[in-house]
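Okay, so chain A shows up in both of these, paired with chain B first and chain C after.
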Partner chain A sequence: MLAYTLRRLLYGVPILLGVSVIVFALIQFAPGDAASLLIPPEAPKEVVDQVRAKLGLDKPVYVQYVLWLGRLVRGDLGVSIVTNMPVASELSNALGNTLMLAIPAALLGFTLGVGLGALAAFHRGTVLDRLFSATAIAGVSLPHYWVGIVLVAMFAVVFNALPAQGMGAPGFPRTWAQIRHLILPVITLSLIPMGVVSRLVRANVLEILSHEFVGSLRAKGLFRRRVLRHIMKNAAPSALALMGLQFGYLLAGSILVETVFNWPGSGGLLNLAIFRRDIPVLSGTIVTIAAIFVVINIAVDVLQALIDPRIRR
Partner chain B sequence: MKLASIIASATLLAMSWLAWGVAPAHAGGTLRIAMTAADVPTTTGMPNNGYEGMRFLGFPVFEGLILFDLTRSDVLATLRPGLAERWAQDKADPTKWVFHLRKGVKFHDGSDFNADAVIWNLERYYNTQSKQFETQGAAITRARNPLVKAYKKIDANTVEIQTVRAVSYFDWLMPYVLFSSPAQFEKVGASWDAFARAPAGTGPFKIVDFKPRTSVELQRNDNYWDRKKVAKLDKIILYPMPEMTTRLAALRSGQVDWIEVPPPDAVQSLKGAGFEVLTGVYPHVWPWVFNLAKADSPFRDVKVRQAANYCVDRDGLLKLLNGLAYPSVGFFTKSNPAFGNPKNAYKYDVERSKALLKEAGYGPDKPVKAKVMISTSGSGQMLPLPMNEFLQQSMKACGFDITFEVVEWGAMLVAYRSSPTGPQAQNSDAMNISLVSSDVSQMGRWFVAFNFAPNGSNWGHWKNETFEAAFAKIAASNNPKEIETELKKAHEALVDDPPWLWIVHDGNPRAMTKAVKGFANAQSWFQDLTLIDLVK
Partner chain C sequence: MVSTSSETLLTLPTPDAALTRARHGRGYWKNVWRRLAEDRITIAVMLVLIAIILSAVLAPYLTPHDPMKTSVFARLKPIGTAGHWLGTDEIGRDLWARMVYGGRLSLLCGVLPVALALVVGGTLGVVAGYAGGVVNSAIMRSIDVLYAFPSILLAIAICGILGSGIRNTILALSVTFIPPLVRISEAVTTQVRSLDFVEAARASGSGTALLLRYHVLNNVLGPILVYATSLISISIILASGLSFLGLGVSPPNPEWGLMLNNLRPAIWVNPVVAALPGVMIFLTSMCFNLTSDGIRQAMDVRL
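Up next, the complex of A and B:
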């Protein structure tokens, strides 16, 4: 198991290196550069040149990449060229804010997804199946920024019961005043994971139900709960893989949901960095999010191998 | 029936439970404003985020030697003494200006404002070798006031500033040079990053809390030097909120008292719900800047430019914008005395437009093909995509076949600063970029031939001899009558030989609760926040 885990970790290195090259190249291909948004359009050329030199934009591209990679390896993500704050500090704040949404959204989405998917499969063809399947499809299909706006219109504007935007006082939510700010964005964010997990679990459970071993288990006289446990254990690896990906997406932040709820998370930070051409923030955020994806997927691989020893082979 | 009552009661109970803990709509005299900016503007004393940054974290906190008078809505904002009590252009050498500083002014940190502080700040902006040189602040300031050549202290309360050439309107550029406390800069370790977290200016408000991407809190400066203009509000909290539906929801749910730029289609419902929606003409133009430097641009022919101006369905566009704009038929609004009496009074006149195009050699079989660079969004850009699509459709009737090069706002800024024939222009025949039309100094930036891009802001390389002659007289004159006369001539040239497609002036919409009182709605990109009060 240890060798398997180490092997998975080693696979992550070339992936991250590849990501760094792609990220850097994409930023270079984009029109304009960081200096263009720092300086008003009518700024004298002398000032433009000076700012470009200060940002290192006057150096050849490969030099810029090597310098950037060297700092990255040392854990230095650089300094934002707009706010002059260390990128690591900005990113950790933003990721912290995103985690406040992502964890409850994942818990809600995955729990509902597994529950609704399994129930739909066990009641195949019934009204319950249709209802749960429709709920799952709606979760995946409805644009979540639209759902967010509708929820805001209903609960913030019409009923004036929940805040329309923002996270209230910054920091870990401890008070009701802070928790109230979480409710609408968490519900909105949980819709997609709920929908996709539900669809997958339903399909998996249906497939497993058709296997002969399920009939054998029943024929052996096992209680229904025990049979259910066997079915769910068999359905777990692929559901886990999907949950890992979905959790990665949630951690990367949803630009749209964060925009609708004015939530200062990692999606919003990434969006802002793109529009500002804040290359240190942009590249640092993408690479970090990519690293998170890789780590989560390695964790999921290991978890799958623990559940199903065949995977280790 | 019984079940329905139970459900209704449970819903009401749930709503009251959710509503428990809702913050009060107001906390004393705290005004909460939602800005359109995506982040809190920088707090060193020269805010980024364009003029919205200047509106909320510029003038309320930091001040210039000269300030804008933002107390009237019936006239364009004029100048008033600020940190200088008076100023004058040297008659013997008109490149020199002497500023007599106000005595007894203190920065928020308690240190004195004096000639040393003025020179220190000018060094911060105009001397790249100074210890306090601030790259971002300098870039913004030098772009807005590029005429400062030299400066010196005459005595503790007098400074002299020399300009690169003699211009009578130099004082109109001085409000854009803001002053921060040198003592505070030293106290926080001679770092602008540290200063941004504990800034000190001289304005009627001081910054007391700053949360990046979340909010900034201003508190009334009780020791403000102008006793008549000590703010009425205790505090102002500013929230960056770039999404207009989010701003709308924040206002309607009572999370803020004031929003900038409400969605046009929400105006009626806001009014119906008892909110104030304020609009007013201000010095803003939303044009297409014609590219006359491109060898094959159809807009090189003045008849085509005039034909285009006769083919803008401004009324239709205003309907699209729900009335939150004003038709533009020149650089200045028609109510401005400097508008003059141009020969062309532009209105939507398809036949006249077609006739002009025929004279220029175009017709039904040979439409005017032109590519316009437009942005997806941006400061002052209003609603660029639907507005340009509307123009594209309406101008087809006259014989214009318009295509778009849609770019991101940053890419457009690069293109605007670069040569109109360079790769950044992407072969565009025009560019849709909103610009300032506040006064003669701005007119000079956009239209004087000396300012051809990439060295200046005349991107389209428009040159008109009548305009040049009139503008040279304006720059050299101190006679208001002569300036007024020449300004009219210059403006008439801008209408009859149009460098831009005159489309609309932004209506500067903002919405607020009825509790907000005293808002002057000045004809400016800036507003006076000291006049505002909250009456519950």
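Up next, the complex of A and C:
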């Protein structure tokens, strides 16, 4: 098990390097470099050269990459061109706010997804199954940014029951006033994981139910609850893998929902950085989210191997 | 081979499908058609989808209004206004006209990236699966790196850094869909390649080109295409999402995601009209999803 964990961790290293290469390459393709954003076009050439030298833009590309990577490894994501604040500190605040949405949304989406999917499978072909399957397919087909707008229209505009925008007082939500701000964005974000997970769980449970061992378990006179445990344990590994991926999508996909709700999270930061052409913030955010995604996937792999020993190869 | 978590998602017990096809020979597709024709829901959904596509193509014949023509006096008219049955948007453009014309760009940005990714990703995957060995490792390990980005992040990164516009949107989404298509194609090809009839064909002296074209491609194309159709619904949502963020189609062009973005402030004045373009995104994406499910069931391919 330890060997497997180490192997997965080691495999993460080349992946992360690849990620850094792709992001760096994208920055190189960006129209206009960092210096052109800082200095007015009529500035004399010496000033331009000075700024470029200060930013290290006069060095060959591969040297720039190595220097950039060296700073990344030390956790230095650079300084925002617009606010002059270190990207790392801006990002950690924003990521905290995003997690505040993503974690409850994941919990809600995964619980509903597993529950609905399993229920649909156990009641295959009934009205219940059709209803849950329809809910699931709607969950995957809904543009969640639009759902956010519809929810705002309903609960903020028509009923005037919940706040439409922002997160209220910053910090960890303790008061009802803060929690109220969470309700609509969390529901919006949870739809996709709910749909995707329930579809997979339904298919998985149906597949497992068709195996002979389920019949033997029942014939053996095991309680329904115990049979259920056996089935869910078999369905768990691939469902877990999917949840890991979905959690990553929640972090990244929250950009759309955060835009709808004006939430000051990493998605909002990314959006702002794109329109201000603030390349350090942009690249820092992208690299960090991708790195988190890689780590989540490794963690999920290890968790899968813990549940299902057959995976440890 | 080292596994990544998402691989388990895409385990494809498809040799069954390939075997069924091999066994039934010519009758297989007839069989699929018969099963599809019996599936009333899928047929109904496909008809709706055809209607949506036709409405986009035939947009000029469906509305007398110009989707770009603004009017200061007819801003945010509600549904049922004389002359504008779906109302008007924030600068007085006819909403029905923008909905049907909007389908053109939305469908284009949804379908084209998947088609491009299918060509590139499918080729890479089939080559990796058929060649095996070093070629396989080289292709698959490079794809693993692209997989490290959550799909929407990759699309946003490409569009955000390279700049907005239809061309970059299509490029960004194509790159986003290449990794899953490579994985599926590689998995299916690897499975088909090891089946007996391929071995038999090789033993009876057929060359690589013939083997690939006739025995492998004929058997892997079905599952790959089915998988690709399931990506279209995601592509439509993502493409409209990019436009919604202001990274995709540029104004004043009609596109559902962009319309949603432009109408967002109008939610306080006329919430129904502001939400309408999203209905089209939802409907289209749902139709593609259900169609893909239906075809998959008819072909008995499990993804």
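Just so it is clear, the second predicted complex is superposed on the first by the 281 of 313 C-alpha atoms of A that agree within 3 Å, B and C clash if a C-alpha of one lies under 4 Å from a C-alpha of the other, contacts with A are read in each partner's own complex, and residues count from 1 in each chain.
Operating definition for what follows: a contact is a pair of C-beta atoms (placed from the backbone, for glycine too) under 8 Å apart; a residue touches a chain by one contact, two chains touch by 3 or more.
Keep in mind the model is a prediction, meaning the values are calculated, not measured.
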- In the overlay, answer first, second, both or neither for which of chain B and chain C A:Ile149 touches. both
- Query: Regarding the shared-chain residue A:Gly139, is it in contact with chain B (first), chain C (second), both, or neither?
  - Reply: neither
- Task: Would you sort A:Gly268 into first (chain B), second (chain C), both or neither based on which partner it touches?
- Result: first
- Message: Looking at A:Val157, would you say it contacts chain B, chain C, both, or neither? Reply first, second, both or neither.
- Response: both
- Classify the contacts of A:Gly78 with the two partner chains as first (chain B alone), second (chain C alone), both, or neither. neither
- Query: Which partner does A:Tyr11 contact after superposing on A: first (chain B), second (chain C), both, neither?
  - Reply: second
- Item | First, second, both or neither for A:Thr259, with chain B first and chain C second | both
- Given the touch rule stated above, what does A:Gly113 touch, chain B (first), chain C (second), both, or neither? neither
- Between chain B (first) and chain C (second), which, if any, makes contact with A:Ala241: first, second, both or neither? second
- Both chain B and chain C contact which residues of chain A? 31, 149, 152-153, 157, 259-260, 271, 275
- Touching residues (chain side chain B, partner chain A) in the complex: 15, 18-23, 38-39, 42, 48, 50, 128, 135-136, 138-140, 142-144, 146, 192-193, 196, 211-214, 239-243, 245-246, 249-250, 252-255, 407-411, 413-414, 416-417, 424, 433, 445, 454-457
- Contacting residues of chain A [partner chain B, same complex]: 31-33, 36-45, 47-48, 50-51, 54, 82-85, 90, 93-94, 149, 152-153, 155-157, 159-167, 170, 175-177, 180, 183, 259-262, 264, 268-269, 271-272, 275-277
- The residues of chain C that touch chain A in their complex are 2-6, 8-9, 11, 141-142, 144-146, 148-153, 156-158, 160-163, 233, 237, 240-241, 244-247, 257, 260, 264, 267-268, 271-272, 274-275, 277-278, 281-282, 285-286, 289-290, 293, 302
- Query: Which bits of chain A are touching chain C when the two form their complex?
  - Reply: 7-8, 11, 14-16, 18-19, 21-23, 26-27, 29-31, 137-138, 140-143, 145-147, 149-150, 152-154, 157-158, 200, 203, 237-238, 241-242, 244-245, 248-249, 251-253, 255-256, 259-260, 270-271, 273-275, 279, 282, 286, 289-290, 293-294, 297, 300-301, 304, 311, 313
